[in-house]
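Paired with subunit B in one complex and with subunit C in the other, subunit A is shared by the two complexes that follow.
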Partner chain A sequence: MGSVTATVPPPISRNIILWFRTFTAIAGSGFRRYSTYRQATLAGAFTNTVFGFLRCYVLLAVAGGAGGIVAGYTPAQLATFVWVGQGLLAVVLLWGWTDLAERIRTGEVASDLLRPVHPVVSYLATDLGRAGYALVTRFVPPVLTGLLFFDFKLPDRWPTVPLFVLSVALAVVICFGCRYLVNATGYWLQDVRGPMILWTLGSGVLAGLYFPLRFLPDWILVPLWVATPFPSLLQTPLDVVIERDAWPVQSGMVALQLAWAGLILLGCRTVQRRAERRLVVQGG
Partner chain B sequence: MADRTYRLGVVPAYLALLRGQARSQASYRTSFVVDLVGNVGATVFDVLTVLVLFRVTRDLGGFDRTEAMVMVGLSSAAFATADLTVGNIERVRQYVRTGLLDAVLVRPLGALPQLLLMDLPVRKAARSLFGIGVLVTALALADVSWTPGRVALAVLAPLAGVVFFGSIFVATATLSFWWIDSGEVGSAFTYGGRDFTTYPMTVYSGWFRAVFAYGLGFGFVAYYPALALLGRADPLGLPAWVGWLAPGVALLAAAGAATAWRVGVRHYRSTGS
Partner chain C sequence: MTGTGPDEPVIEVRGLRKEFVVRVRAGRFRRTKRVVTAVDGIDLTVHRGEMVGYIGPNGAGKSTTLKMLTGVLTPSAGEVRVCGFTPVPQRTRLALRIGVVFGQRSQLWWDLPLRDSFDLLRHIYRVPGAEHAARLRRCRTLLDLDGFLDVPVRQLSLGQRMRGELTAALLHRPEVLFLDEPTIGLDVVSRQAVRSFLAELGRAGDTTLLLTTHDLADIERLCRRLVVIDHGGVVHDGSIEALHTRYGSRRLVVADLDEPLAETPVLAGAPLLRTEADGRRLVFACESATASTVVAGLAQLVALRDIAIVEPDIEDVVTRLYRAPAPVEPG
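Right after this comes the complex of A and B.
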């Protein structure tokens, strides 16, 4: 009997409608799975809101100290940046995803490989479902709280809205890909704690969670934005929604995200293929 | 073996726990080094964040960089040291959920000391040293006119901060006795408290500042001691001696946390898993 793994083409003909149905079914199950963690969701939204207040006050004080506009941001833009950022944090899910690493460690990943869906695709579908749930429960509460207490910069140009939606979707995909790669080090390492810590450490600062990356000097900012996926995780969607730049730059940044999303998913596929070649599942 | 441990008293038992931890961590050397780097890195980034903010402004809430750095130093030295000594307690959440706490409670040792020794955070030591380094540098760069009183405060205030943050760690951990899935709520006060104390309190306003600074007591960790050290009047109008309240507030917090812990452990019902 020939073995069927994700890297071996499945013995069914490619049917795009069937594929799409499978994808949405997995995404739907991701949505439902996360909707069972109600208390943790409430706790997370509360914490994001507290940090929203902390960061918003600090950045407004920075703007106040600099005489109003700082690094091209008005106070209203900064407030929007902080609160939408606190909402997006759980949607892109920067931290705390160890599902794949756990399954690699326990050997359960073997059953993922037996399925007729590529593991990267199936995990991505689950993650999109999760992000959809987070959009309702984790994005809305902090943003509404922020709107209640601070002046926001609402979009003036209508194309900003669809561009923001696209940018958030791409940010979720890129962030998923990064997390997948970090988790996939588990195929080679006994303990993924190291890569996980480095990711947690780097992603917050470099994605623009602690301060808008435009506060940095250009010689750091430009290479960071072009050569790493980090700004695409938060800074780009946030700069898009507050209309920090004119529309050509705005759409250019989203195009860059698109390139990163493709590159990272390709990377995930390559890593997965190489991992499957050396994977030995222990136990019975 | 169990007999002997009992005869020798509890201290060797705690030491055995500690040794076990040291051995288990020493067996994953690379992970240990990465952990160490990660831990120091987190605090380094916190300090760098403040420096980046001062790149784009000269004034934050009425304070310049050297003054603000004294608050940053007080806050990070106190937080990192508290995290080193009692930060483990955060894990109670998982222990309650998985039922591991049952095993801890049936042993003939105190629950709190055991939980603190169930992880040996040597990796966090470097972070604490870095925090203290920031404080010493900030005090050296700031124009402090040293008096015996200020020298005493410069030593007392970080210690009080350690006790205060330690109390916050313990108090937020007890939440899980009542609310098993409390998740990240604790971080809003532990890491949130660290963020709050990092900046001059004048940047916050309204009820938010009142709750965090006076209601929860975070104002007395870094802001007021820093004002007393720098000899600056409080823009918010409190008298100069308020900086000296830090140890008192810390003891009050410790008493509150101890009570909450005792009530919590008594309230604990195993999840049965």
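Right after this comes the complex of A and C.
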């Protein structure tokens, strides 16, 4: 039985390839874990599609009332904005993630701390796996539906496609970071319902889910875009894919996302470190 | 590189303290803060290969100590070294060297089957494939996992899950095992399985284990050293025999007679504790006399139908220990 416990320390390797392998293995487990909930996936995709019709008709009516083009968007761009947005909603997962808060409340977070991987890294990897699963099952159905029933604006310039992919990946990371921070308030509050409601209300409006943020006057739009991470969650990838702006602006917006992703992850790490200092794991 | 030499202790704790702030309602809106000391100056040294039972009543500070040793909780004061690391700041590096099971919490992934959880752990701990397979094979045999390897963890019974938890804690070949109530809530069969498995681990003599439990049979079976804590401090650290000696536990000689005696027999060094069954059963405590002299003495005095020697009961000693009055808190 000596082969099960050790008397010497294991060799330590700081190999980046091994680190990457660990990361992808955790991401893979995230994909598998979420793929066990098939009925929820089906119901979610159906709901997103139904709401896609509602939102699309409202925005097209607005465009019709404004004489075709509103805030620089053509009707085809608006339809694409809505349907790709409906698909991305589940990929970035704006709402409904309380895993960390739940584990803080029950004390299960102790198990996360006992792993040789930083909790932010392991939660991020899991979330990327989840996003991958959502991309296949939740992004494709609404977008195909939109393509079938509405006039779509497909990209004219090839660099838009890789830029969109990058922008979506960054949106997932930023959104994960925001959710992590909202959940991490549980370390201090025990009950995260308050911050969660604020996040749910705020993120929907400020990320551009209810209406494109370009509808807002510049004096609100510019500070919102630069000084908060919200537009980076949905508005940026959507504006990139429908080519609302020329490529230098497109790239600039993605660069801004990159900065926000770095900043938010740093924030998560700091908050996690402070939280661990005051962590109380009650009972047992 | 940080590590421990062959003779250095694996766990070294000096003056360990943990205080929690509890807010108590003191009126409709007002709340007052109260500081509760869960662990109050514990010293503990554990060497390689020791299997230590760590017991105490509920709220004595057992789990809190374990959480500080594993780096989950930050101590309020004192020094801790585990495998040469300071647990909290060096937690992720320490995690590679220790295995932990918290009986009341799960470290497995709720929605994944055990097989997938184990595979994920292999990547998280970066264990080479062949090594992982060999270790998993041993655990599968010893803990009889094969019947439920492909069942999602949320559908496992508590006993099955606990066997999974133990395997998960061992797959990266830890140097120290921390087990916090691993047999809690288990039925007799599962409890026995877990116990035999741990005994098997201990047989090689190089497993360092710190076990907290309320089931003293676990301790008697597995641990030669027993640390008892109460009110946040160590009240006993030594062998189970030392505990008996210290608290005056005695072997009992139970004699069954054909007929009740008219006169009570007197034996030197073994007072009669009680008579039962209308005087047909006598119970003597071996104080200065050995059990064999008591038996021999009795045989000369009376006609014996049957005789039994009862080992001192650890539960009894520990109950007396737990009931000891709390030390007066300073200030």
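What we mean here is this: the second predicted complex is superposed on the first by the 271 of 284 C-alpha atoms of A that agree within 3 Å, B and C clash if a C-alpha of one lies under 4 Å from a C-alpha of the other, contacts with A are read in each partner's own complex, and residues count from 1 in each chain.
In this text, a residue touches a chain if its C-beta (ideal position, glycine included) is under 8 Å from a C-beta of that chain, and two chains touch if they have at least 3 such contacts.
Only a predicted model underlies this, so the values are computations on that prediction, with no experimental measurement involved.
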{"item": "A:29 touches, of subunit B and subunit C: first, second, both or neither?", "value": "second"}
{"item": "First, second, both or neither for A:107, with subunit B first and subunit C second", "value": "second"}
{"item": "Partner chain(s) touched by A:54 [first = subunit B, second = subunit C, both, neither]", "value": "first"}
{"item": "Partner chain in contact with A:279 - subunit B first, subunit C second, else both or neither", "value": "second"}
{"item": "Partner chain in contact with A:247 - subunit B first, subunit C second, else both or neither", "value": "neither"}
{"item": "Contacts of A:20 with subunit B and subunit C, given as first, second, both or neither", "value": "neither"}
{"item": "On subunit A, positions contacted by subunit B and by subunit C", "value": "37"}
{"item": "Residue numbers on subunit A that touch subunit B, as the complex places them", "value": "37, 39-40, 43-44, 46-47, 50-51, 53-55, 57-58, 60-66, 70-71, 190-191, 193-195, 197-198, 200-201, 204-205, 210-211, 215-217"}
{"item": "Residues of subunit C that touch subunit A when the two form their complex", "value": "1, 3, 20, 48, 63, 67, 70-74, 83, 88, 91-93, 95-100, 102-107, 109, 111-112, 116, 119-120, 123-126, 134-135, 138-139, 142, 152, 170, 172-175, 177, 180-181, 200-201, 203-204, 206-208"}
{"item": "In the complex, subunit A residues that touch subunit C", "value": "1-10, 12-13, 18, 21-22, 25-26, 29, 32-33, 36-37, 106-108, 110-111, 113-118, 122, 276-281, 283-284"}
{"item": "Partner subunit A, residues of subunit B touching it in the complex", "value": "28, 30-31, 34-35, 37-39, 41-42, 45, 48-49, 52-53, 55-61, 179-185, 187-189, 192, 195-196, 199, 202-205, 208"}
